[in-house]
Structures are given as C-alpha cells and as structure tokens.
C-alpha cells in the first residue's frame, strides 16, 4: 500500500490558516494575513499536484484501473451499531481531479485577491473566510463517506454565506447571502432525508461500500415502491435535490445570480469553479448506485440538467450585469455536466457521459474562473458591473482582453481549446443516449456562444464610454492568475481524461465523432457571428431583436419571474399564511387558553362571593342545607 | 392527665396573681404566664403514664400527649407574638383575662382530644368554644370584634346543637356513649349514617370545612389578630385531631361512607377556600380563607384511614402551626406597630423590613407547599397518604389547588418584594418577645421538614384504621 | 464526604457566604469563586467518572451514597451519577459559571439576586445527582421557585405577569408529576415487600401495565411542561422575555433540561410499556412543537421571544427523541439537551449584553451592530450557526444523532414524523439568518449606536466559556456520546425487556 | 308505664322541636330570639337523650347525665352569648341580626 497519509495536510493547512488568522487576525497587519493564506494555499497546491501526479502516474501500475483508497480515517461519532460517522480522506480519480481543481483555482484566487481586495476594510477577514472555504471544500472533495460529505457540504454552504455577505453593510449583499444559504439549506434538507433513507436501507455511509457492485445498495434495487419508484430511487432523488441546490439547478438556482453580490474573486472560486460543482461531484460519487440501482433517478438528473442549461442560457442572453451573465452561464454549463452524468451508463464506453461530465467540470473550472477573474479586473477598472457602462475597453486592458477572449472562445467550444473537447464528449454521449436532450444541448451550445460574445463585444468593443478615471490594467497580482488560467483553458483539453476518470476506473478509448463535432462547432461559430453583427458596433439590432421576441424577451429578462414565485411562496405563503398564524395562534389560542383558565377562576371567585354575605342567618342556612344535602346524598343516593 | 392539671394550675395561679397585682403592675402577668406556659410545654414532652380515667371517659396515650404537645408549641408561639398587642393601653386592665381565657379553651381542647366518650368530648368541645367567643369579642369597644363574637357564639351554638342531636341519635341507636362501645355497635344503618352526618357537620364547623365554614372569615377578621391566629391553628388543629381519632376509632365501620364524604368535602373546601382567598385584600381575611383551603388538605390525610394517614394529619398540623403562625406573627407585628392590615400596605416591605419579609415569604412558601421549607413535607405526606388509599385524582385536584393557592401566596410575596411604593411601612423593631415568637416559628418552618425524626416519632405513635 | 453531595453543599455555602458580604463587589466575588469551584468540581467529576469507567467499573451508577431519611416511607437521600447525569452536571456547571459573569453588573439587590440564582442552581444540581424520586422532586421544586423572584424583581417588561404565569404553569406541571411519582411509589413493589422511591430499584420491577397507562401521561406531561411540550409551552416565551439575562440563561439552559431529563429518566425508564403504547400521541405533539416553535420564531420581533420559540422547537426535539425509544435517539436527546443548554445560554447572554447597550430588544430598531460591537456580533453569529446546526458546533451533532436514531425506528409512522421534524432545520435557518441579517448586518440604523462599546472582560469570559464548550462538543463529540452510551445500556435493556423491538443495539 | 306513651311520640316531639329551633334560628331577626331557638334545639336533644335512656337503655344513666351536662353547658353558653349581645347592642345600638354584617365577602 502506498502511503498517502500526508494528504491529511491538504485540508489541515487551510484549517490552521483559518484558525490562526481568525483568532489573531485583528492583531496582524492585513497584508500579513493575506500572505499567510496565500502561502498556505501554495503549499496545498503543491501537495495536491504531487498527489495527482503520484496517483495518476507515478504510483500507478499501468494497465490496471484506478482503485479508490482511504488515505486516512478516524471515527468521529457513532450513531448505531452499524452507522458510524468517520472523517477521513478518500482518494480516487474524481477526488484527485477535484483536488487539483480546487487547489488551483483557490490558489489563483488567493493571489488575485491580494491585488483585488487591497485596501478593503475586511482584508484579513476575507482571507480567513477564504481559508475556511478552502478547508471545507477540500474536506468535501476528500470525503470518505456520504455523511462526511454532508458535514463539509454544510460548511461550504456557510463559508459561501459568509463570503457573499462579505460587504455586510450593504443590504443587498446581506439579503443575497441569506437567500443563498436558505435556498441551499432547503436543498440540503433533501440531501439529509436522502441520507436518512439511504443509510436506513444500506446501513452504511461509506462511499466504497455504497458504490461497490456487490454492496448493500445494490440489493435494494427492487424494494417497496411509492408512486411507482422504489425506495432507493426516492432516496437518490432526495440526495440529488441536495446536489441540485448546491449546483444551482432549476428550480433551486435562484440564489446563484444574487450570490454575485459577493466580491468577484469569491464568485470565481465558489460560484464558478468549485462549490457549485459539488452537486455534480456528489452525483458522480454515487454514480454506480444511480446507474445500477436507480436509473429513474438518473433520468431525473439528466432532465434537470438539460432544462437548467437551456433555461439559464436563455436568461443569460438578456442580462446586462456582467457577473450575472456569467452566473447564468455557470448554471447552464453545470446543466451540461449534470446532463452528461444523467445520460451516462456504467462501465466502458457506456460511461462516456460520466467521463465527459467530469472532464467538463475540469475545463469549466479553468475557463469560468478565468472569466470571473477577468470580469473582476474589468470591474476593478471601471467600478461598475453593468455592461451598459462599458465599451471599448480593449485599449485600456490588453491582458484582460486577450485572456477574456480566450475564455469566451473556450466556452463557445471552438477547437482546439479545452471547452471544445469536453463539450463535444457530452454532446456525443447525449446523442447516443437521449435524442431530445441532445437537441436541447445543441441549441444551448449556440446560445452560449452568442451570449458570451455579446458580453465580450459589449465590454471590449462597442461604443466608447467616457470614464471618470481612465481605466488602467490591473496589477501583476491580478494579471498573473489570468494568464495561468488562460493557459489552463487552452491546454487542459488535451488531458487524457478517458484514461484517468471513468465510471468504473478502467480506461477506454474515445475519438472525436465528426457527426457531432462539426455541427456543434458550426453552431458555435454561428452564435459568435450573430453576436458580432449585433454588438461589435453600436447598432439598433439588439433592440429590434429583443422587441421581435416580444413577451418572451420580457420574461427572460425577468428571469422567468422565478424570484417572484419564490418570494410569493416564502413571504406570502410561509410567512403570512403559516408563520404569522402560528405566532397568532400561539399568543391567542394556546396562551389565551391558559389565560382563560386564570380568568375563569378569577371570575368564579367573584361569582360566588355572595355566599359570604356577612349574615349569620344565611350562614346557618347554608350550614343546615349542607347537612341536609349530605344526608340526602349518603342515605338516599349512596 | 398531667397536661390538664398543670394547665389548670397555671390558669389558677394567673387568676390569683392577677388579684394581687396593682393596676400599674399588671404587665408583670405576661412574663409569669409565658414562663409558666413554657415550663408546661417542656414538661409536656416528658414521658407520661398512659391509661384511662373516669371509667373510660378520659384516655391518655402517648399519641394524645403528642397532639397536646403540638398544640402547646403553637400556643406558646402565640403568647410570645401577642406581647406587643397585649401591652397596648386599651388592654391593660384585662390582660390576665386573655391568658386565662386562652388557657381555659386549651384545657377544653385537651379534654376533647383525650375524651373516651361522647360526653367528655362534648364537654371539652364546649369548654373550648365558649371562652373562644369571649376571646373573639375581647376588644369590646370595636364593632368588628363584637360582631365576630356574636357570629362565633351563635354559629357554634347552632353547630353544636346539630352535633348534639346527632350524638343523641348515636346514643339512641347504640345505647352507649363510650367510644369503644359505639365502635362495636355501629353499622351503616340509615339512622346511624344520619347521626354520623350530624356529628360530622358539627366537627366540620370547627375545622371550617365547606359548606360549614362561612363563619370563619368574619370571625377571623373581627377578632384581635392573635386570637385569630389561635383560632386558625390551635382550634383547627385540635378539632382535626379529635376528628381523625373519632373517625378512625369510632366510625371505622362507616369507613366507606366517610371516605366518600371526605372526598367531596375536601374538594369543595379546597376549591371554595381558594376562590375566596383569591380576592381578599385584608390580610386577616386572606389568611382566614387560606386556612379554610388548608383544612381541605388535612382531609386528604384522614381519608387514607391508615397509620400513615393519621401521621400525616398530625405532622401537617404541626407544620401548619409553624407556617401559619409565621404569617400571623408578621401580620400581627405589623398591625401592632403600624395598624396596617391590608395587602396593599405591604408594598415594598422588603426594603424597609427585610427580616419580617423573609419570614413572611418563608411562611407563604410553607403554606403553599414549596420546598425546602416544612410545608412541602407536610403537603407531600398528606398526598402520599391519600395516594396510598388510591385517591390519585383527589391528589391531583389537591395539587392543582395548591397551585392556585400558590398564586395568592405569591401575591403577598410580590407585594413585599416586587411592588414599589412611595409610602412603605416604616422600619420598625419589634420587642424581644415577639421576635422570639417569630424566630421560633421561622425555625420550625425551616427545621421540621428536614428533621425526619419528627415525622418518624409521630408515625410510631399513630394508629391506623384497622 | 461524597463528591456528589459537594455539588449541593458548595452552592449552599456560597449562599451563606453571600449573606455576609457587604457590597456588590464582594457579593459577586463570592458568587464567582463559589461557582468557579463548582465548575472545576464538575470537571473533576467528569474526569473521575471517565477514569472509573476506564478502570472497568460498570456499575449503573457511580459515586453512590445512600442515607435513610424518612424510614417509614423509605425515603432516602440517594445520590449517584451515570454518564448522562455527569454530562448534565457539567452543563449546569458551565452555564451557571457563565451566568454569574453575565450578571456581573447586577447592582439592584445584588445579594438577593445571587442568592436566588445560586439557589436555583442548587436545585438543578440536586436534581441531577438524585436517584431517589422524592429528593428528585424536592430539588425540582427548589429549582423552580426562585424563578418567581428572579423574574419578578429583576425582570423587565410585564415581569409580574410572566413570573406568575411561569411559576403557576410549572407548579401545575408538578401537580401532574406528584400524582405520577406517588403512583410509581405505591406500585414499586407489586409483588409485596418494601415500597421504594429508589429509581434503580423501581427499574428492576415492572409496574403493572394498567397503572402505567394511568401514570405515564401524568409523569410525562408533568416533566414535559418544564420541557416546553406543546401546548403547555406558553410560559416559556413570556418567562424568558421578562427574565434578567442570567436567569434566562439558567432557565433555558438548564432548568428546561430538567423536563427532558425527568421525562426520560422517570417516565420512559420506569414505564416503558405505557410509553410505547402512548408514544404516538406525544410524538405528534412534539413534532408539532418542533416545527411550530420554529415557525413561531420567524414572526417574532423581540430577540428573546425569538429565542424562546426556538427553545420550544429545540426542546421539542429532545422530547421527540426520547419518545423514539432507541439508544441512538436517546443519545441524541441527551446531547441535544446539552447542546441546546449551551447555545441558548449563549444566546440569552448575548441578548442581555446587547440589550444592556442598546436598551431595546426589538430587532427592527437595531441594525449593523456588527460594526460597533464586532466581538458580540461574531459570537452571536456563532451561536446562530450552532443553533441552525452547523457542523463543527454542538447543534449539528445533536440533531443528526436524533434524526438518524429516530429514523432507525421500524415503524413508518415514526419515520415520517422524523422527516417532518427534519424540516425544522430549514425553518431554523430562516429565522436565525433573519435575525443576524437585521440585527448585526446592514447599515447602522441609529446614530446613537455608534458610540456603543464592545464586550467587557467578564462578558467575554462568559461567552467564550460557552463558545468553547459548544465547539468542543461539535468538533469531538465521540467522548461525550460514548460516555452517554455506556449509561444508556441499562435503560435500553429495560425497555427491550418490555418487549420492544429494536433495530439499533450496540 | 312504659306502655302508655310510645317512644316515637317523644322522638316526634323532639324532632319537631329541633326543626322549630332551626327554623327560628334562621328566621328570627332578634339576637335574643335566636338564642332562644338554640335553646329549643338543645332541649330537643335533651328529650331525646332522656327518652332513649328511659325506654331503650334503662339499665344505666348515660342519657340522663348527658342531658344534665347539656343543660349546664347551655346555660354557660347563654351567659356568654348574652354578654356578647349586650356588647353588640353597645356598638350597634341594635340587636337586629341583619345589622350585624359589617364584615362580608
């Protein structure tokens, strides 16, 4: 057995940084906290890469599959004889892949923030929270069992809450953070119920036992049915609900656009590259169970993914806040990943979707982080989020411009950038397994190219806006991460994912399917061309098109009124129709009843006071009649 | 017989001393009375010979001796507490009467408790009652006092008339007035039940059980405060003792009748007593109604019909003496010093007279049955006895009533500790004798509960039904 | 001297010491010293307990001491602890310690205040060490009654009404309890022989089932009232809202635990058959409590009301778990009691501190306090996160143990109720975040708040103690859970003997 | 002699007296009259005792003694009662029972 115990350091370093800066943060100079955090992350990144290299290549015996191994495990709590909650480190292909993603992006964001957050009041706090998040995310990724995952799942949720609400004096940030937490919390309830059901049926939390083809989960395939689905299917749907919440899948996505209230590096880290893909990771973790025991649940995953990606892409075309466009784009891309998992089979080439989903997760992390960080550089320069305030920035921000363009091309799926490869695999998988979803995704590919280039042109081309201060390029701390990520976006497509990350750990062969690839590239180019026509120069075309779509445009612009629906359900129904009546009921009925008892007693005390009239004869009367009544009772009735 | 003899002797000594004292020297009678009575009380605890006298009319047992001792302790505390009041100018010329009357009634109670037949019982009862009416009307220039006297004498005359009628029927149906004979010959024939009920209503009058209680509040309010405390603890205690003895010893054939009877009466008493107590503003009247409610609790001990039941009754009376005298002591000290008697006057008392307030609070908690003071133990044992006979619902009703009573006891606590006022009762210092009385009752409240030997001692003397 | 008796003796001595103090400074010093000793003693007890168990002493109760008190009624002063009581004692030690420091500035009648407070603590400690039902009941009432004075004298708002309501409702509860306990006593020797109040001895026999049916509701509701069982919980919002800081802390923190502990130790333990039969009624009530309390909290404006309703919800969970009657759920119930005790005490401490500065508890009158009092703000957020069940803090451990324990029940009805109860975690998040959002975050609403200061040393001491305890349980729950588990074995055995089928046995 | 007047006659008369006494007590407004009604009750009791003794248990004299004692006690009672009634008269200037209701409720 190869010793990987040192991987324990990977989550513990950020934890130590968190505790240190959290407790001593106010005593240190802000920059020091930043540097400590960044140094820590550097170490983590090195360790992660080392682990990845060892796991995938150095320690790997060629020709065998990639086994999953527990590098470390301790008991944390035992619930019942069989159900024990452990904390540990599980290494398997997807975990190691995620490790690389998380550490890379997090490290980049740490560096980037040194510049971006410079001079902010809560600088030290920012780094503290970042460390907390990184710790939680790494703990999630490395979880050995579903319960550990749930623990860290909650922790990333709360770190996300803290970071979104970083500007806590801004009411919009506060409400956004609240919304994010509560919506995901609601989804987590599903996750929890899923775990409850799953653990009840399988009597284990352990991933390795769960996914083992001979494990207890597999025995549950039949089982009791409810609404035509077996119990384990329901359990897995509930688990997926948790994933859907975290990954902002329709209809639990509403928190994601609002989460953009957080500082931009946070959006890049949490809401683009790492936390939001946790849902995908969760499904991927339990993939054998989904695939082998509950294909129905997998259909749900696929359709939710497909609908979300289309839904988000449409909305993204209409938004003007650049971070929101990116947020919807994220949602759309995660929809792709979900769909990929959903259409996948288990083992061999059938598992193409699984591989493609994870592949896309990887490449998406790179280019979406790049996009967000680029957007951050732009916001840093013009102090606005709204693309209508921008235009012609290519002259002022050359590095940002180039890297942004690369990212846009990547996401649009233009070969040979990484996005092309991963998206193509997904489309191939969909093409072979589910035609309607393929058509949706095909359309989404076009839309993606369109809205990204709409964004690109609006920022860097279009009209010359007069800025109060001449925008200037960001400092090196911010541009270096951009360049590194651009490098990643360009070249990560060449990684041999089909050998490394597969549904059953065995490598298989893939090749580019021109039946799918060519049309998909073409529709991407079509999207770019349309965007170029409409947005490269100032023109009336966008207005005409938007009016051409009529109500549909208005709907999309208002995000299909999903926020309003939620507000209606929470404020009007839950608050006004449940909570308020409960409060009223408690005060007036339950408590009123208790007070009523007191009132009745008091009242009767007044009613009977006439007996004590002060007259001897009446006393005598009562005395005598009392005796007589007793006599009657005990002689005649008793 | 020692109790009776020494008490009569004391009364006579006081009578003679009183004759020899000049009017200016009258107050000297007080220390004499107190010292003599203290000696009497202490002597009472010495072991006494048991036996019967007068052909079975008079019985002396350790149990009965214990009951008398319990009463003695109460009377002693009352004597101490009445010092301030009795020293008032208006009482100067009739000081010794107070003691003599009190000792006469006490003698009556002794005989009543010790009685072995209905004749002695009746004689004791009346000896206890008639001087009590005189005591109630003691401050004869006050209309309230006079009214209290007349209400007491007339009501009690009616009640003893009915009781006597019952006794005559008992005699008629059994041919004997001796307890031992009656007990053998009794059955639940209608006439005997009727006679028993007549007898019971007379006793219920003494213990002030609903619906025979109506005199209580008025008499308590009108009488001088120390007389009131005497009524509420000593007279009630003695009547409870003899009732429990007679129920257990004489009417045990009727046990199924009187258990149901006590059930009804005790629920009525607790509820009505509480309901009336809720609205009282006058402290004396308030304590009167609270003592009615307490009487309802005493029945819970009797209903068990067991050794445990009798123990709990005696024990409760002991505890009740301390707690009620604690409360009455404070009320009396305040009334004697300031003349204030309404609950509203007690606002903010703690800030001026903390020790009195603390004693009052302890007494209130004790009356309400809140640990760790003695009242909790007293009530708890009563409930235990009732539960031992299976009366769980009765216990439940009783504890609920205890909760209601807690409400008004807490109102007093609230007035003293929480309410704020600009004109609190000014700080004052009681004389030493009153203080001794207060301290004694306070000690009793604190100690009797934890001191399990008290309970065990009583238990060993008590007897059960069968 | 038995170590357990010290737990009653030290508070009493502290009270006596306070009587002789001359001013507030001395008073609080004496109280602080006394309660620090008490806290250290709790620590020592935990240590001794663990060593004793390690040494292989598997007696059901350790450190027992028995003295006959009322021979004829067979009332003893019997003390002894198992893991559960040790945990509760430690909780009480911590909360009382924190409570003393939270009321460091109590100027008005400080001697009386500290005496009442410590008297209350005496009752609680006494309750947890008692093995004799009589002494247990005695201490139970001793703990309840000082509440009246504490709320009535030092409270705020409609304090007299609240104090009265609280006292009367709790005493009404003891009316039920009295019947239950007496019934248990008189059926403690169904085969003849000496009746007993001793918990352990009663547990060895089976109370006849007809009597159990009659007595169980009395006992359970009697304790349940103190544990805020719906619909008998209404004393709690008013009482907590009116009580002074330390009293709210003690009351919600430990006193309400008497209810859960008693319901478990007396009602369920001694009458498992009836518990099993009637559990469904109370399970429905407690499930309602859990969800209803949480929803009730959303609509409140007063910080203390919010926390009071939240307590209703959390304590409902305790009773809920207790009624599930399996080892894991029991374990969860105990941990939840401790966890809730700590975090609700922390909440009330913080609310008191904030109120002491802003002179309002209405959340809509405040805002942006995080900026002016970062320490209190951060601790408040931690408390909030603990309350909504964030991993790493105690609430999570407790809730998860309960949910997983409850879900192990073989009956579908129980599992559905469990799922209903889990929804409370979302609602909890809603009201906690709402408060945090309005109270601490956002812009400062009132310029007057700009000049407020942050926590003083004693306030920091008080809150940090609690936060540390919360975090300790949250991060390393295993030792606590194991300590409780060992002690649960006899209880579970007893229930199993009652013919109850278990899915989870260690 | 015993054959001439049956016991029932005595009992009937005594019962009548008893209830007459009670009736008087409850309806007469004069305190002295009320006191007299009490005496009626007590006398009915005496008749009972004596009659029972004579007819049913002639072998001992319990009933007779009892009635003697009752008479004595009644006298004492009346003495005290009248003293108090005088006191009432001094304070209220009336011996109407309905006037004596200063304390109530």
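We call the chains A, B, C and D, going by the order they appear; numbering starts again at 1 in every chain.
The working rule: a residue touches a chain if its C-beta (ideal position, glycine included) is under 8 Å from a C-beta of that chain, and two chains touch if they have at least 3 such contacts.
For clarity, every value in this text was computed on a predicted model and none was experimentally measured.
Between the chain pairs A-C and A-D, more C-beta pairs are in contact across A-C. Per-chain Cα centroids separate chain A from chain C by 37 Å. Averaged Cα coordinates give chain A a centre that lies 97 Å from the centre of chain D.
Centroid to centroid, with C-alpha atoms defining each point, chain B and chain C lie 42 Å apart. Separating the CA-averaged centres of chain A and chain B is a span of 77 Å.
Residues of chain A in contact with at least two other chains: 609, 612, 614, 616, 620, 624. Within chain D, the positions touching two or more other chains are listed as 22, 25, 34, 100-105.
Counting partner chains per residue, chain B has residues 150-151, 154, 158, 162, 217-218, 279 touching two or more of them. Viewed as a contact network, the protein chains fit none of the simple shapes, being neither a path, a ring, a star nor fully connected. Pairwise, the chains that make contact are A-B, A-C, A-D, B-C, B-D. Residue ranges on chain B touching chain A, taken from their complex, read 150-151, 154-155, 158-159, 162, 190, 193-194, 197-198, 200-201, 205, 211-212, 214-215, 217-218, 257, 260-261, 264, 272, 275-276, 278-279, 404.
Of all residues in chain C, only 69-73, 75, 134, 138-139, 141-142, 145, 148-149, 152-153, 159-160, 164, 167-168, 171-172, 174-176, 178-179, 182-183, 185-186, 214, 218 touch chain B in the complex they form. Put simply, chain C touches chain A in their complex at residues 165, 168-169, 230-231, 233-235, 237-238, 292, 295-296, 298-300, 309, 327-328, 368, 370-371, 385, 388-392, 396-397, 400-401, 403-405, 407-408, 415, 418-419, 422-423, 425-426, 429-430, 433-434, 437, 440-443, 476-478, 481, 503-506.
Within the complex formed with chain B, the residues of chain D that make contact are 14, 18, 21-22, 25, 31, 34-35, 38, 41-42, 44-45, 48-49, 52-53, 56-57, 62-63, 65-66, 69-70, 73, 76-77, 80-81, 83-85, 87-88, 90-92, 100-105. Of all residues in chain A, those touching chain C in their complex are 75-81, 83, 85, 147, 150-152, 154-155, 158, 161, 165, 168-171, 174-175, 178, 181-182, 185-186, 189, 192-193, 196-197, 199-200, 574-575, 578-580, 582-583, 586, 590-591, 593-594, 598.
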